[in-house]
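Below, each structure is written out as structure tokens.
Look at the two complexes coming up: subunit A is in both, with subunit B in one and subunit C in the other.
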Partner chain A sequence: MLRQYIFKRTVMLLPVLLGVTFLVFTIISLTPGDVATMILGQGATAESVAKLRHQLGLDEPLLIQYGRYLAHLFQGDMGISYATQKPVVDEIVGRFPNTLTLAFYSILVSLILSIPIGVISAVKQYSLFDNLGMVFALVGISMPSFWLGLILIILFALNLGWFPSGGADQWQSIVLPAITLGVASTASIARTTRSSMLEVIRQDYIRTAKAKGVGNLQVILKHALKNALIPTLTVIGLEFGELLGGAILTETVFSWPGIGRLMVESIQRKDTPMVLGCIIVFSVAFSVVNLIVDILYALIDPRIKANYQRKGKAA
Partner chain B sequence: MKRGSLLLVLVPLLWALAVAGPVFAGSDPTTITVALPADITSLDPMGHNDIYSEKVSFLLFNRLFKFDTNFKPVPDVAKSWKQPSPKEWLITIQSGVKFHDGSEMTSADVKYSLERSKESPKVKHVLAEVESVSVVDKYTVKITTKTPFAPFLFTLAHAGASIVPQKYASSSDNWKNPIGSGPYTFVQWASGDKVVLKRNPNYFDKTNLGQAQTIVFKVIPEATSRTIALETGEVDVVFNLNATDVDKVQANKNLKVYQKPSTDIQYLGMNGDKAPFDNLKVRQAFNYAIDKDAVLTVALNGYGEVASSIIPSTIFGHKDGPYTYDPKKAKALLKEANFNFNQTLKLWASGDTRKKIAEVVQANLQDLGIKADIEMFEWGAYLQATNSGNQQFFLLGWSSNPDPDSMLTPLFSKGSIGAQNRTRYVNEKVEKLLADGRVEMDQAKRQKIYNDLSDIVMADATWVPLYTGNNIVGANAKLQGVELSPQGLWNIEKLHY
Partner chain C sequence: MSNGVKRKSRGAAIWRRFIRNKMAVAGLVIIGVFVGLAAFADVIGDYQTKAIKMNIKERHQAPSVKHYFGTDEFGRDIFIRVVHGTRISLFVGIISVSIALFFGGILGSLAGYYGGRVDTIIMRFLDVLLAIPVILLAITIVASLGTSIINLMIAVGVANIPGFARVTRASVLTVKSNEYIEAARAIGSPNHKILFNHILPNCFAPIMVYATLKVATAIMATAGLSFIGLGVKPPTPEWGSMLASGRDFIRDHMHEVFFPGMMIMLSVLSLNMIGDGLRDALDPRLK
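Now for the complex of A and B:
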């Protein structure tokens, strides 16, 4: 049943993680530049570079390095960051909640904007609102986030002084980065909501509901939207999953200490254990979000729930 | 009706926000917030070699010596010192220097720290000249160097030579809650976000007590965001203010810009092992061919000084070099060298600023009929590639401590070929002068040695020295105690409102 399904999906995560870590490990190893030279800087002697390479095990074949990494990983040890000498787990545990918070509020902003835009645009198809809504969505997705971020900072932090320009010290800090990211994901969610709503409101049962004398608002919210939400939920899940990987530009502009910035800084420093740590967290988070979305389908749509149950019985 | 209730909610909300105004601006005068372009990498003073971690280390820890405003070594915890022989230093520390856990600093901590520094991969080069350290009495250590070593006191002022408490450093805390003896104690490091320090009221040096109650180092990676944070008052000081933002900050009456030439030098290096730079006349021609003023303008908006020789003007031993921008002379020298104008040279560079400089160099060479392609590298790959010896000519920089030996030996000695001597420069006279400079204790004689060395390297023209950039610090105009040395803002403990 549902529990079995969750178990199956979790087991399937293992090969995904193996593939992802191997790929990233290989790619980082293949990129030019020597880790030891980067750690020690320009002033280091050739001797100390060679010694550090040996200490880090970088003078061994790639597969052995990877094997050792996996052996530690299965014991819950993600390694020590080359750059900071701190355990990767500590660093990620410190940063991931920030990314999660930002992702949550961004998607909230996005939902507040996109669902009404999508629904009203569908109900009032080709109206002025529909056109304006779709233009807004298009502009939202086309605007580079660092540009929108800077504009919001100049307007609301510098000129009006309503919000801080960056950091993560106070609750107000989340507002501008969440709007910046939320506006960007509004487009795809609004467009999906609109098209699936358009499909649903032409169905017979909607006409039947209206004929029965059910109020317009009730028809839209209770009968149409609930059914139209399935594809929208997929898009929301994808957007949220992506946000969990960190929004590098937005995090940089707003000095938000999230996982995206950590990953980019680590890539620049060739800090392999840290990059792998971030990738693993990202992959797991993305998969978990998708799993939750799949479970939500069942909650929203009884037909899907019945499908899970049938499969469970057959098994 | 519904629209009315929405307005009822929205209007007071917007009004409250508007009236609240810039609540984020400079709200707490007892806290000084300093913007850092990048996060620190370690709280262990021997676990990093970057300038931002150094700023934090200098507040948490003491060294035997420290630098003053003129970048000269002066005693920190050292009370007295003497040299019984050219290779031996007897250094006595002050009594009553307390670590943040209340324990007293003794010579055993000094010995432990210097030996620990020699073992640390990141800073072992700092005390490479130290042969041994021994405890003489509770407050005195004897340090023996491998050879007589003139710049020794400079090396003791490096963050990597900080004195750490032996008991804490050998504990299992792994530098999560560092304990030092400095004017500030550790409160918090939120990775990627901020480092918070609190004033140490028990600091041993009452004349240099921390002024502000709290110092916050806030990581703001984006240059524009740093300037905006200064303008909104969220931060009080910004290191490395963007050169393009200087005019804007200067025009703001609430803010102030401080500038001083740094000890950095940016250069165009020419590999003497590779044609056409194996020809002295070609190297000299290139020294006449580059418009350094234009380079400085594109790189830093002109905030710095044009470099005339290998040693920056802020470093002991500086002497002006013989070249000025003179394309005609460059052309004549190229003719004498029978330069092949059909070849296309490869100019290597890394990073946005050096890309801009490379374009100026390319244009200057184009004016003389020389074709040069620019090849850009990612930083890690660049360091490795320029070590390999395959480079023809390239752009790089060096940030030095104030003693010339610390830059000249790595950059121009044959022992550093394959590492920092990326022009693969060899001159036996220079080798001898480098060796003489390291052991000569008489400052006037040392000055002459480095002047002569500078003349020789400039005549050999292995570099085109380009410029020394300014340290540019932006600060709140009301902030007191801002003072720049060639190291930049060096006395953060003195900052206050």
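Now for the complex of A and C:
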């Protein structure tokens, strides 16, 4: 049953991804200015511009251009970078692991902080810890990551010298970017955990467990947390997407060699194939993460699984 | 007549709940100060002579009585620049959210009200937009249209359309199932009248809360785009672009990044506090 669900969700992803590539391709193609003129420079003759336009396929209708791009994309070819004259795919494959590493450590940082904050805030509702925790969460959500990054650089790189201010040459390099990127998600995961925990601990089965004489800590960790984490999981998935977006800014602040920074640099260089490649990789990663979250959700929440099984039998 | 009285008392009840929330009131006060700064920016310091004109003799000065927030690399007063920046940020935030609210509202109400095939087509289209993170979509649009304040508002606005469409659709669906809608249909009210007179006014609350929170993220996105050089360009005193230029001097002149960032954070924070307060006041059950 579950295998069917996973298959169905994966198949549903394909038209969305097709739509995303088409939309992004169209928007990027609307860029004013002629690419051929830009590559050859202002002094180029009309003839050579026309020749290059033909070579690049720019003189054909948008739909044909898109079709060709898509056909190449399926073969793992995203074109040649205007700036470096090397395949876009090579550059992206080289940089993408760095972005994933950054996103992974950021989510790690935020999980380590947010779940305990959320749980304790809920269990000790309206206590000093709860109030401080929720103020921290509100400030964390409102903090622009690029500003927080700069402040952390001033404090921990320039003044204290504990961590490098940029690059990715040593293991310490990941610390400041991961914290910078992780703070906003820490805040929203903590808030969600708190509110779903509050809902769960008021339910009858928790009272029953307590009445049976199960220890307080065990009730919270074993009985309540497991159910309270279901909404949290959705938020983690959403946050991972936000992290990918946020990585664009954080990578710029810390000169982290991921595809976020690659994209910003490519936009400034007007390197269209590279920009297109980066956006598509970002969107695909975002969609795949959401798919994984949906599947995990079905695995964890027996109600969803049961619902699907009923439907499966009916069909 | 009786309808007017009822609405007034409900509004008063909401206001009472809102005003009891200390965080929400604090947010309202902060945003009030920001609106005041934006309104009186020219009185506080002239735009051309104080915020734009360079004064190389006074460059990189630390905060003092003469320059409350110090000066930047061109000797311009950072306090006066961030005050003028308030205008840009609030303006871009509100206009871009209005764009998103208008188009997202239309798409969402059509999808929610008519359902069926209309709903399917609109939602499949929005699924595609939702598959792209908001900031990435905004960057894509700006990268294509080119950098200017107007393009920035369009980009941030369009990137937020799917969110507004979703929220509007969800609340239209909720309101639509009420009995008085069925009654309106039974007495033969035309579709547009049901939608505009009976459904949408009752969707106002959740959409308003969402819009308040989205002005906050729009301000943040605007600053972020300017920070990476895709938004408002120098010498315009936009907070994000001020951060970007101050970044080169953080070693010795950290005030040049501290104050613009503080303004971004305070404006976003206050709008978030108001949004949370509104949500709790409009629907006490949610708290």
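Heads up, the rule we're going with is that the second predicted complex is superposed on the first by the 274 of 315 C-alpha atoms of A that agree within 3 Å, B and C clash if a C-alpha of one lies under 4 Å from a C-alpha of the other, contacts with A are read in each partner's own complex, and residues count from 1 in each chain.
Following the convention adopted for this analysis, a contact is a pair of C-beta atoms (placed from the backbone, for glycine too) under 8 Å apart; a residue touches a chain by one contact, two chains touch by 3 or more.
This is a predicted model, so every value here is computed, not measured.
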* Touched partner set for A:Leu150, first subunit B, second subunit C, both or neither -> both
* So, does A:Thr31 touch the first partner subunit B, the second partner subunit C, both, or neither? -> both
* Asked: Of the two partner chains, subunit B (first) and subunit C (second), which one does A:Thr252 touch, if any: first, second, both, or neither?
  -> both
* Check the residue A:Gln268 against both partner chains and state whether it touches subunit B (first), subunit C (second), both, or neither. => both
* Thinking of the overlay built on chain A, is A:Phe7 touched by subunit B (first), by subunit C (second), by both, or by neither? -> neither
* Asked: Thinking of the overlay built on chain A, is A:Leu158 touched by subunit B (first), by subunit C (second), by both, or by neither?
  -> both
* Answer with first, second, both or neither: which of subunit B and subunit C does A:Leu40 touch in the superposed model? => first
* To do: Using the superposition on chain A described above, determine whether A:Val139 touches subunit B (first), subunit C (second), both, or neither.
  => second
* **Touched partner set for A:Gln55, first subunit B, second subunit C, both or neither** => first
* To do: Pick out the shared contact residues on subunit A: the ones touching subunit B in one complex and subunit C in the other.
  => 31-32, 150, 153-154, 158, 252-253, 268
* Asked: Hey, which residues of subunit A end up touching subunit C in the complex?
  -> 15-17, 19-20, 23-24, 27-32, 138-139, 141-147, 150-151, 153-154, 158, 241-242, 244-246, 248-249, 252-253, 263-264, 267-268, 275, 279, 282-283, 286-287, 290
* **subunit A contact footprint on subunit B (complex, rising order)** => 17-18, 20-25, 38-39, 41-42, 44, 47, 49-50, 121-122, 124-125, 174, 190-194, 218-222, 224-225, 228-229, 231-232, 234, 377-385, 387, 398, 410, 418-420
* For subunit A, which residues are in contact with subunit B within the complex? -> 31-35, 37-46, 48-49, 51-52, 55, 83-86, 91, 94-95, 98, 150, 153-154, 157-158, 160-169, 172, 252-255, 257-258, 261-262, 265, 268-270
* Of subunit C, residues touching subunit A in the complex -> 23, 124-125, 127-129, 131-136, 139-141, 143-146, 216, 220, 223-224, 227-230, 240, 243, 247, 250-251, 254, 257-258, 260-261, 264-265, 268-269, 272-273, 276
